[in-house]
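Read through the structures below before going on.
In what comes next, chain A is part of two complexes: it sits with chain B in the first one and with chain C in the second one.
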Partner chain A sequence: MASYIAKRLLVIPLLLLVFSIVIFFLIQAPPGDFMTTYSAILAGSGSSMDNEQLNLMRIDYGLDKPMHIQYIRWMGKLLHGDMGLSLLYMLPNTKLIGDRIGLTVLLAFFSFILSWLIAIPAGIYSATHKNSIGDYFFTVINYIGVAIPNFFLALLLMWICYDLWGLNLVGLFSPKYEMAPWSWAKVGDLLSHIWLPSLILALGGSARLTRIMRANLLDELGKPYMITGRAKGMSEWALVMKYPVRLAINPLVSTIGNYIPQLFSGSLVVATVMNLQNIGPLLLQALSMQDMYLSGSILLVYCLLAIIGTILSDMLLVWVDPRIRME
Partner chain B sequence: MTDQKPLLSVRDLQVYFHLDEGIVKSVDGVSFDAYKGQVLGIVGESGCGKSVTMKSILRIVEPPGRIMGGQVLLSKRDHPDEYLDLTAMNEKGKEIRAVRGGEIALIPQEPMAAFSPVHTIGNQIMEAIMLHCNVNKNEAREICVQSLKSVGMSMPEKRVDSYSWQLSGGLRQRAIIAMAIAGNPRLLVADEPTTAIDVTTQAQILRLLKDLQRQREMSILFITHDLGVIAQMAQYVVVMYLGRVMEKGPVDAIFHNPKHPYTQALLRSIPSAQKTTKTKLPTITGSIPHPFNKPKGCPFHPRCIDAIKGKCDVELPVEYIVGDQQFASCFRYEKNEVNNR
Partner chain C sequence: MTQKKGSSSKQNEFTMIADKENAEEFSSSASEEKVSVASNWKLVWWRYRKNRLAVISLFLLFFVLTIIIFPDFYANQYSEKTNAREAYIPIQKIHFFKDGKVDLWAEKLVGKRNMKTLAMEWVSDPAQSVDVKFFGKGFQWKFLFWNTERHLLVPADASTRIFILGSDRMGRDQWSRLMYATKTSLTVGMVSVLISVLLGVLLGGISGYFGGTADMIIQRLIEILNSVPYVPIWMAMTAALPRNWSSEQRFFAITVILSLLGWTTLGREVRGKFLSIREEDYVLAAELIGCSKFRIIANHMVPTFLSHIIATGTLMIPQMIVNETSLSFLGLGLRPPAISYGVMLQEAQNVKTMAQAPWLMIPGLVVVIAVLMFNLAGDGLRDAADPYSK
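Showing the complex of A and B:
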């Protein structure tokens, strides 16, 4: 087991290297660079910069060098833990990302927990009450959950909450706490805001998970060990919870790896719509402004989180399924 | 045996499956008695209703199957003259759950899939023990190890923590038997317990079952399609065909003096090791009718060489006494006395 984990951890740097190359060249793919965007903005606001100045700045930022040289310079800094400077904010990327990573992971974690809390009971109910009214109800909810874009759901819920109860659910903090240093009151304020974006992000995922849970459980409910359990004298409820539910969750655990990147990328649009202070809006802005070092660094952090998520889900699977553990 | 009261009495049991296509009468008026310390064999082709009969006794028939009539009576442990009617119980209730595993235990068909693969066999056997005996976890583990030992499993202290897929087919079947006897039942229902394992192991398992039955004075309801196994194991045999009992009687009478045309045809079609004739093995002509359109009258009449036209295809025969403790549902014995029990 220890050697298995060590092996998986050793692959991380290699994967990150491959991803960094792909990411770097993908971000550079659109025509122009940050200076092009920058001068366009300046022109839009009435002021302007001549070409000479722009080129001087290009040389300053190293944007005049060939792409592979730029990549090597970026990589060289990354290896020293320096993600470079955001051309847009004129701040170190490490600080920009570091300020927001906590909330990003927290939001993803909450959505993840919520989606499982919704999906597993709903899946169990649907499978044990197959083709009942409740089952159909969850099926309809699930299809809506899968079909509706989550940013639209966000807009809808925000509007409903505001219209009905006068609640302003934009952002993760009340204005009072937005700039305040961390305190218990601020944590409480965060918790009172984070549930709605978490719920919105969770719904799409939980719809899929419910379907998987229902199908898995239906498979398990017909297995011969159910007859053994009934013949032992177990009550139906205890039997269903102990054996088939446990077995039906195993394949669900293996989906965690795919689900985590989805949570991050899904949160980008929702976070922008709801003005959440996580990495999502930062990435969107960096991409549209061609702030390449910032967007590259964010995407690399996403990759790292996804890799860690996959490893965690694999380890979890090993832990819950003795058949995998003992191979 | 005649003056003794039966341990389990199945009377006129009817189990129907209500499907969209129609009603399938899987078990249609089955009666038999099982006595203490006896091995009762139920034999029949696949689809004859023997497994459904077994499930009805434990009240674990899955929907759309339903018990439509008849009784399953189990004598009480403390008062053998008094009977519990299992068919009258709520199938999810406490009463029947105390019977399952505690009074009547099941040895299921597929030892491979009968255990959950993600729980140790010890965990699953201990669960059965804790459901029926008032013991704590440590005591249950002790009983579990004893139980594994008594079914001839070596290193029971170690094997108790293994998973079913780590055991060989024979060991797995032994673990199943250990789980069945752990609740100290009076009746074991063995549903084709040896079909999935090889012949050598099969012989060992059969011997083990017989030994356990003698030591613990249990009764066994042995369900199989293998006449050889029945001859070896059972004292009394019930022959079923299409949801009905064709003939029942002591094992010697059934094998040496069968009365019902179906039993006779069945025995004729067993290959013999002694005979070296080059003649073709006789088979029963025709095939089993589809369960949706069971023939009217005696279900066997379309394939029966002795069928009486205008009689067997119209009326359903009752059980006639054809020997000592031997009964046949066939109009050939119409003049014999009717079995009223």
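Showing the complex of A and C:
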């Protein structure tokens, strides 16, 4: 087990190296650089900067160097935990991302938990009450849950809440707490806001999980050991919960590896729609303003989160399913 | 046909099962005969048509296909025709009866400015109506090689406009735009899946058939691509596209970008299939006869799991449609003047606008319906893909 984990952990830096090269290539690919955008913004607001000043700033920020030098400089800084300076905010990227990373992970964590809390009971119910009204109800919900793009669901719910109750479901905090330092009251405020975006994110995932759970459980329910259990006089509830459910959950665990990266990805679009302060809207802004080191750092963080998610799920699978551990 | 030649022993075994399966449907001996000589595709179709929802979805998809090919026919005005005085007009209801007689007409909406909020308010005027008719004349478009002016539903008086699904901020007709959006969005979805499928079959095939170093490299590639968070990387890729590209170039680039990360699932599946089929007798036979590798793969191996590929591909299309919609919605996918579902939904970005003009969310509902249709049809295909299974 220890060697397995060590092997998986050793792959992380290698993967990150590959990703960092691809990401660097992508973020410097658009023609022009931040200075081009910057001068365009200045021109838009009425003031301007001449080319000489812009070029001086380019030299200051190292934007005049050839591509591979820029990459090596970026990597060198990254290895020291320095993600560079956001030209857009004139703040260190580490701080910008650090402020929001917690909320990003928290949102993904909540929606992950929610999707499982919904999917497993729904799957068990659907499988044990096959072709009942409840089963059809869940099937319909699942089809819609998969079909509805999560940002559209967010739009729809925001509209309904606004139209019916005049609520504006934007952001993760009430205005009162937005700028306030962390306190228990602020945590409470966060929890009262975070459930809706989590639920929106969870729905698509739980729809898929419910289908898998239902199908797996149906397979298990037809096996002979169920008859043995009934013959022994076990109660139906204990019988279902103790054996087939445990077996049916294993394939679900193996889907986590793909599901976690998707959660982070999905949260990006929903966060933009609902104006949540996670790294998603920040990335969108950085990309459109060509704040390349900010966008590069955020992309790397996304990749790291995805890799960690995949590895965690592999370990979880090994822990849940002893048969894999033996191999 | 090639497949039947290849696995005749397997075929017999399978048809027995298929016979049992279709026992009620083909009870007479004549129809049993029909089953045993039926081609693979016929068996797939027989099983597919048992799934009523899937059949309905397939029919609807064929109908949608006509929208993709002839959006101009379904539209009733130019997609970019703007009029500031006709902004945010609500849905104009179409009626089929008037005074108990069959008569096609649309409600006439009259705008009045609310002097308190200064917003325009459109109400239906019962005293007036707009005559509309099917297959009337509108703007000119090209049907294959011929110019025509016929459209599905147009106002009888060509100088007026009707808004079947309301109008947007700039007074553009949502119905007509939706037809063009359907064309663009579904084409992006289908073409990117087509490219993904080609990539998946090619790379999965190489990986499964040749094994060795190629297999190792492709497997690692798939692993890396699987741990990529798709949306952020897509965003970075589309943001990297040159800004002066035309709509067509952008359209093509986005299609390719979507498929670059999309092929991995299929690649894995194809690899698995190749690994299991590689050992079959009929492949050995083909090798001994001296068939070229390409022939063995293309004529003997791929047909055995082609239906699986089609099913998986169909189930991938809705994902791609949603991805394109999300990207365009964020302003990173297709951009105006291109019209896609995501571009249209950009009009509905804040709550106040939505409260004022809820019909701007209709493109989102259309996405849901399109995705549902593809999912239902794909599920049916997946279940029918292996007609010999239980």
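Convention: the second predicted complex is superposed on the first by the 327 of 327 C-alpha atoms of A that agree within 3 Å, B and C clash if a C-alpha of one lies under 4 Å from a C-alpha of the other, contacts with A are read in each partner's own complex, and residues count from 1 in each chain.
Following the convention adopted for this analysis, a residue touches a chain if its C-beta (ideal position, glycine included) is under 8 Å from a C-beta of that chain, and two chains touch if they have at least 3 such contacts.
Quick caveat, the model's predicted, so the values are computed rather than measured.
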Clash-or-fit label for the pair chain B, chain C on chain A: fit
When both partners are placed on the shared chain, which of chain B and chain C touches more of chain A: C
Chain B versus chain C as contact partner of A:274, first or second or both or neither: neither
Touching partner for A:156 - first (chain B), second (chain C), both, neither: second
First (chain B), second (chain C), both or neither touched by A:224: first
Touching partner for A:83 - first (chain B), second (chain C), both, neither: neither
First, second, both or neither for A:209, with chain B first and chain C second: neither
First (chain B), second (chain C), both or neither touched by A:245: neither
Three-chain overlay, closest Cα atoms of chain B and chain C, distance in Å: 6
Residues on chain A lying within both footprints (that of chain B and that of chain C): none
Contact set on chain A toward chain B in their complex: 223-225, 227-228, 230-236, 242-243, 246-247, 250, 320-323, 326
Chain B residues within the chain A interface of the complex: 55, 58, 60, 92, 97-102, 105-106, 108-110, 113-119, 124, 127-128, 131-132, 163, 165-166, 176, 179, 183
List of chain A residues in touch with chain C within their complex: 15, 18-19, 23, 26-27, 29-31, 143-144, 146-149, 151-152, 155-156, 158-159, 162-163, 168, 170, 257-258, 261-262, 264-266, 268-269, 272-273, 283-284, 287-288, 295, 298-299, 302-303, 305-307, 310
Chain C residues touching chain A - in the complex, by the definition given at the top: 224, 226-233, 235-237, 239-243, 318, 322, 325-326, 329-332, 345, 348-349, 351-352, 354-355, 358, 361, 364, 367-369, 371-372, 375-376
